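Per-chain residue numbering starts at 1, and chain names A, B, C and D are given in the order in which the chains are listed.
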Amino acid sequence: MAVLRTLLYLLIYPGILFLFVYSTFCEWFDRKVYARLQNRMGPTHTGRFGLLQPIADFFKLLAKEDVVPDAADKGLFNVLPAVSLAVVSTAALLLPVWNFDLARAGWTSFSGDIIVMLYLLSLPTLILFLAAWSSTNLFSTIGGARVLTMLFGYEVPFFLAVLSPAILANSWRLAEISAFYQAKPLLLLVNLLGFVVALIAVQAKLERTPFDIPDAETEIVGGTFTEYSGKKLALFRLTFDVELVVASGLLAAVFLGGFPGGALIGFVHFAAKTLFVIFLLSLIRALTARIRIDQVVSFAWKVLAPLAVIQLLATILLKGFLS
Amino acid sequence: MSFQIPIGPQHPALKEPISLRMTVDGEVITDADIRLGYNHRGLEKLAEEKTWVQNIYLTERICGICSHSHATCFVQGVERLMELTPPRRGLYIRYLVSELERVHSHLLWLGVAGHEAGFDSFFMYTWRDREIVMDLLEMISGNRVHYAMNTIGGVRRDIDAGQKATILEGIATLKKRSEYYFGIGANEPSFVARIAGVGLLSKEQAIALCAVGPVARASGVARDVRKEDPYAVYDELDFEVCTADSCDVLARVVVRVKELLQSYRLIEQMVKGLPDGDIVVKAPRKAKPGEALSRYEAPRGENTHYIKSNGSDKPERLKVRAPTLANYPATVVMLRKGFIADIPLIFAAIDPCICCAERAVTLISARSGEESIVRMSDLRRRALDRSKYASVKGNAVWPF
Amino acid sequence: MSDIEIVESLKRDLGAKALELTNPDRRRIFLKVAAPELVPTVTLLRDKYDCAYLATISGVDKSEMFEVLYHFASPAASITVRTEVPRSEPRIASISAVIPGAVFYEREIQEMFGVAVEGIPDGRRLNLPDDWPDGQYPLRKDWKHVRPEEVIPGGKS
Amino acid sequence: MRIAAFLPELLRHLFKKPATVDYPFKKLEVPKDFRGTPYLRPELCIVCRACERDCPAEAIEIAAVNEAEKRFRMVIHNDRCIHCAQCVDSCPTTPKAMQIDSLFEIAADDRHKLKKDWVYVRAVMKPKPAAPAAPASAEPKV
């Protein structure tokens, strides 16, 4: 029975199948909002309101010819898309929407799971760099270098911003952090600055405008994905979709008060809050132009990092004041 | 680490094939080289085999965006050779279309600049509003791209009172929108960060390298054929030559937006002052022997056509100089010391319109970095080999 | 300066070197010089007549001779300098030292008419492909393009 | 410089009708003077060959089928046509024997399908001389 339960958990809900459906829905939402902000239609014809368009795109890519360049490091090149999808799916299992039971810490909810989550969210970036490097294309190589350069910019502010609510809640477990803020919703306002910093950092992590520098198509063709095609590209795209869900879920859990109310109402909270975060991310995407790599790094260190530090200081001071 | 990256002949930032060879050191460009010829159609040779009338449409097809410019430039020259004076109403309509074309071209460019900088919302909105002027052009001429308004001795289609009102209405909307977009372009921090101080071309360099059009004007060179050599109706109209002094891509944006506003003024003057009368005079089939040099300010800069006639119904020689060719030497200078990320913006800032041809493809081997020139036949053979190795899927069948 | 003043001034400056000086149209001046006088004339035009802007260089095949025309423009007038080189020995001096922007047009003249430009800093082909045979100059009148029979791919033949 | 300068405009359009048209399902109207595909009204053609001579793309071909019967064959190669409508301007008859329609979805999967031909007897010119080849705008008849 336990085995069956675990299998169900991994494969159906909230495992692969659910993640696939929900992340493609989120992609549809993102695309539709982005299109509407630009006075366009967005996906329209596949399914009702074009809801099935991301799934159709996914299967279309699966059916396409899969080209592996002669000069590529074949082992890495082939295996990395699957690894990156596995990593972000694992991160998804740690979200406190399916494991909200505070009393029972299990293998998907334990003290320190927020650190594991941050670690798992950093991994796809490194995988992208490896993927770019192993395809040995000039444009990919430049893209890979840009991925790493950017990582050094946004990662520190992101960590600082996400950890300060945890410090205030005095816990390293996502479910407990959520529960803390559900009990004292007013304290959420303290973390507003951190939320903004984390939002911008997530935008950079997901490589969306203004931080789509590693795959800026007008500059370096496909950037990191130049040589990827067919199934592997489909997996990478799915990775980004799942990462979008996980990152917005993480922000919602930490900054927006989590998902109270058990499995069902909690899920409604989850959907509403992630879509809200995705809407904000789409808005940022529509509002800005792509900036240059040197500007990203200087922006991250001159603006984002100090803001995150201020947030951290404020949190620590408040914590001392409260106790 | 210094290496070469090929931008083009096929590249997402380029709408037409051209090869830019960049030597980069990390993210910084140390040297640039331009290779042309991917779009060469032998047009000047072909023009010698076509009659004057046929050549109007041939020159119109030199470029898609500034189709009216080349045809007008050619027709101006031929009218000089044939000693024709087109009726004033015809001239007004001809240059009305050319100003509308300038509006459409500059709005198009503004959108492209936004897209090259990754500012897709800006691109979508400017192009949405560009539809207004496209609709006006469609209403006047019947088609969106090749207006085919010119004929030797005048224009082919007249405009009526209702159309005049529609044009004025559309221009009023566009004026408001252009001012708004100028505000956005000059205020959005991420966009300004990308275009300010990028692609510098000093005034001295612009003069020495014979830059034309908005590129020259953005470097402070007030070179505009409409003022220098006012052809046809331009000496009767009131407008200013727009220049900027900051010499970068931002200056080119500023110049183009200012020119948009000047064009709206010109269009209003032309529509309101449209004289009565015929729109065309009958043209002979043959031109007297002689030569004419026709200059015209296209949206991208000066068009120069040198036309030589030998007395027959075909030109002896037609030399076409499109503005983009004049701006290439300046582009190489602008690209140096820039970032890789600036390549599309700097290159787009000259509003390139590429027309030239080559039947060889340059491949860079990923392993050795060696370059090899592959002839078209070899390439075709390779493609055939490739299809042999690929699994046989049979003929593609349309699933529905 | 009006057209007539420019023509008079050019006559004074060039004297007998100006083989032909016409003003067929408003703001159009055509000046003919011998090939060896080209670079000094261009320098004079640039320095005294504000003709730093070279619009283009065109060539015309006149069977015995090649005519090479340099279309300059100043704010006052468009001055075209024409010169002729014999078909048997087509060579001309480069003006790129005086007008740096002339290189592209000189490359074009070189490949299209086979007029060798001496002293050009970058003598590669401009438009023609790399595998274009040597000695074929498409804009010469004796170079004929035979249009191949139209073959429509696919469908019934 | 303003942060998020574009924000009001974007949010204003969030719930507005999109500016784009759902093309293959909905179509915009074609303008009055649209230059579509040329076609011949054979009963009017006097075989002056003005259109053949002026066509920039050499898309019009007129050949005699039977000289004695004054029977001719005109082929319009629509795969070469550049839709400039010069043939309509050049046509000296009134009403014009060359006409353009306003169809624009004219793609075909075979270039042969685009070629149109007419075999007809030459029309006799009316006693009144034809109007001069003034390039007045020709009304397309659909």
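Keep this in mind: a contact is a pair of C-beta atoms (placed from the backbone, for glycine too) under 8 Å apart; a residue touches a chain by one contact, two chains touch by 3 or more.
These numbers come from a predicted model, not from an experiment.
Trainee: Which chains, if any, touch chain C and chain D both?
Mentor: B
Trainee: By mean C-alpha position, what chain is farthest away from chain C?
Mentor: Most distant chain from chain C: A.
Trainee: Can you compute the centre-to-centre distance for chain B and chain C, using the mean CA position of each chain? Integer Å is fine.
Mentor: The computed centroid separation for chain B versus chain C comes out at 23 Å.
Trainee: Between chain A and chain B, what is the gap in Å from one C-alpha centre to the other?
Mentor: Between these chains, centre-to-centre, one finds 42 Å.
Trainee: Report, in whole Å, the distance between the mean C-alpha point of chain B and the mean C-alpha point of chain D.
Mentor: 26
Trainee: So what's the Cα centroid distance for chain A and chain D, whole Å?
Mentor: Measuring from centre to centre gives 54 Å for this pair.
Trainee: Find every residue in chain C that makes contact with two or more other chains and list them.
Mentor: Within chain C, no residue contacts more than one other chain.
Trainee: Which residues belonging to chain A are in contact with no fewer than two other chains?
Mentor: Within chain A, residues 37-40, 286-287 contact more than one other chain.
Trainee: Residues touching two or more other chains, restricted to chain B: which are they?
Mentor: 121-122, 125, 128, 188
Trainee: Which of the residues in chain B end up touching chain C in this complex?
Mentor: Residues 36-37, 40, 42, 44-45, 80, 207-212, 223, 228-229, 290-293, 295, 302, 304, 306, 308, 316-317, 319, 321, 325-326, 328-330, 356-360, 373, 375.
Trainee: Taking the touch rule as given, give the residues of chain D at its contact with chain A in the complex, in rising order.
Mentor: So the residues of chain D touching chain A come out as 4, 6-7, 10-11, 13-16, 18-20, 22.
Trainee: Going by the contact rule at the top, pick out the chain B residues touching chain D in the complex.
Mentor: 50-51, 53-58, 60-61, 121-122, 125, 128, 131, 138-143, 146, 148, 151, 154, 156-158, 180, 183-184, 187-189, 192, 280, 282
Trainee: Can you list the residues on chain A that touch chain B in the complex?
Mentor: Contacts found on chain A: 37-40, 65, 69-71, 136-139, 142, 145, 209-210, 212-213, 216-221, 286-295.
Trainee: Going by the contact rule set out above, which residues of chain D touch chain B in the complex?
Mentor: Answer in residue numbers: 1-3, 5-6, 9-10, 19, 31-35, 53-57, 82-86, 89-90, 132-137.
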